[in-house]
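A single structure is presented below for examination.
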Amino acid sequence: MKSFTEHLWMETKKRIEFVNITRQVQEIVKKSGVKEGLVLVNAMHITASVYINDAESGLIEDIQKLLERLVPNHDHPYKHNLTGEDNAYAHLRRMLIGRDVVVAITDGKLDFGPWEAIYYAEFDGQRKKRVLVKVIGE
Amino acid sequence: MKSFTEHLWMETKKRIEFVNITRQVQEIVKKSGVKEGLVLVNAMHITASVYINDAESGLIEDIQKLLERLVPNHDHPYKHNLTGEDNAYAHLRRMLIGRDVVVAITDGKLDFGPWEAIYYAEFDGQRKKRVLVKVIGE
Amino acid sequence: MKSFTEHLWMETKKRIEFVNITRQVQEIVKKSGVKEGLVLVNAMHITASVYINDAESGLIEDIQKLLERLVPNHDHPYKHNLTGEDNAYAHLRRMLIGRDVVVAITDGKLDFGPWEAIYYAEFDGQRKKRVLVKVIGE
């Protein structure tokens, strides 16, 4: 069994920003030399998510609006913010969208459907954060 | 390390329909010959989910109603639908329910609790779509 | 390839209670002897979740309140409860928070960011339930 680990550094310009990282993950899979296996992609910070969906700007706005509606930020009395933080909303949105995706590798490539794209969803950015990419297989 | 890949073709009669695929995944695990490992099961299309919960028809209705309440479809001005699509709600519901599950294989079987069942949740069906089942282990 | 399986028994005092299981998972990874690989941690019962977020009591309250708001329990006419159960809300909350996490193992340790902690989220406790920890790698 082979394994291969790489971290992607993310630093978004906006506090909330979604970044397509599909190509970077594909390159790491290629570099790993794994032909058959799995790749785990996860946010290492707890105010960000990794998810798979469409690379379409309208949908990205829809996801952000849905999260604003379900988990409002401003003027909401979250307990976590009593610690001096102001990012309770970011922790909570990450709870709904999830932390990680696991993708199959077949013939050395991401075994993807026609429109699947891997996104890093930053909910509290403008600082350096990491995404872990771990490949295992043969 | 062994690996084994199979795709399940799904074509639901209704636009929104949940299908129990536990038996099919079990058969693929058996066919793979893997005794100890992991199986990844994921929707390859971005308007469908795979999840694990109870095989109980009332609960399935409850899940569908919860999603209608949190992510309404009709008369909701989603940006994604300005592209000519009408399935923004389906992309968004899949964001909440998730894309994939990873299940342990122990002694050649799905290492399941008493009521766990694997479901394919179709949010925009009536056409052919695929589920990926990837087994790795020994 | 090595594999190692262990089940954690959970029995919460309150019906809804979140338990930090990070140390227990770390010990299982150590015991497994796996240096490079993946560990799957999942609730084996369908009214509980496993998630990764901050070990901060205010945030835990915020998560529980968010779930009460999105998926109310009392006086809500869920179909699943017509079977004689009273835990439809617990099944549904688990749908939003998710069933499993997959964590990378690097150099024999959980490859974690600074604040990641693994939690068992019980939505219908006060009885014995299990969490599965499956390690694979080398």
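Quick notes on this one:
We call the chains A, B and C, going by the order they appear; numbering starts again at 1 in every chain.
Convention: a residue touches a chain if its C-beta (ideal position, glycine included) is under 8 Å from a C-beta of that chain, and two chains touch if they have at least 3 such contacts.
Remember, predicted model here, so these are calculated numbers, not experimental data.
Superposing chain B on chain C by their CA atoms means rotating through 120 degrees, a value rounded to the nearest 5. For the pair chain A and chain C, the fraction of shared interface numbers is less than half, so the two copies use mostly different residues to meet. Centre-to-centre, using mean CA coordinates, chain A is 20 Å away from chain C.
Shared contact sites, meaning residues of chain C that touch two or more other chains, fall at 1, 38, 70, 96, 98, 102, 136.
By the touch criterion stated above, chain B contacts chain C in their complex at residues 1, 36-38, 51-54, 56-59, 61-63, 66, 70, 96-98, 101-104, 106, 111-116, 136-138. By the touch criterion stated above, chain B contacts chain A in their complex at residues 1, 3, 5, 38, 40, 42-46, 70-71, 78-83, 88, 91-92, 94-96, 98-100, 102, 130, 132, 134, 136.
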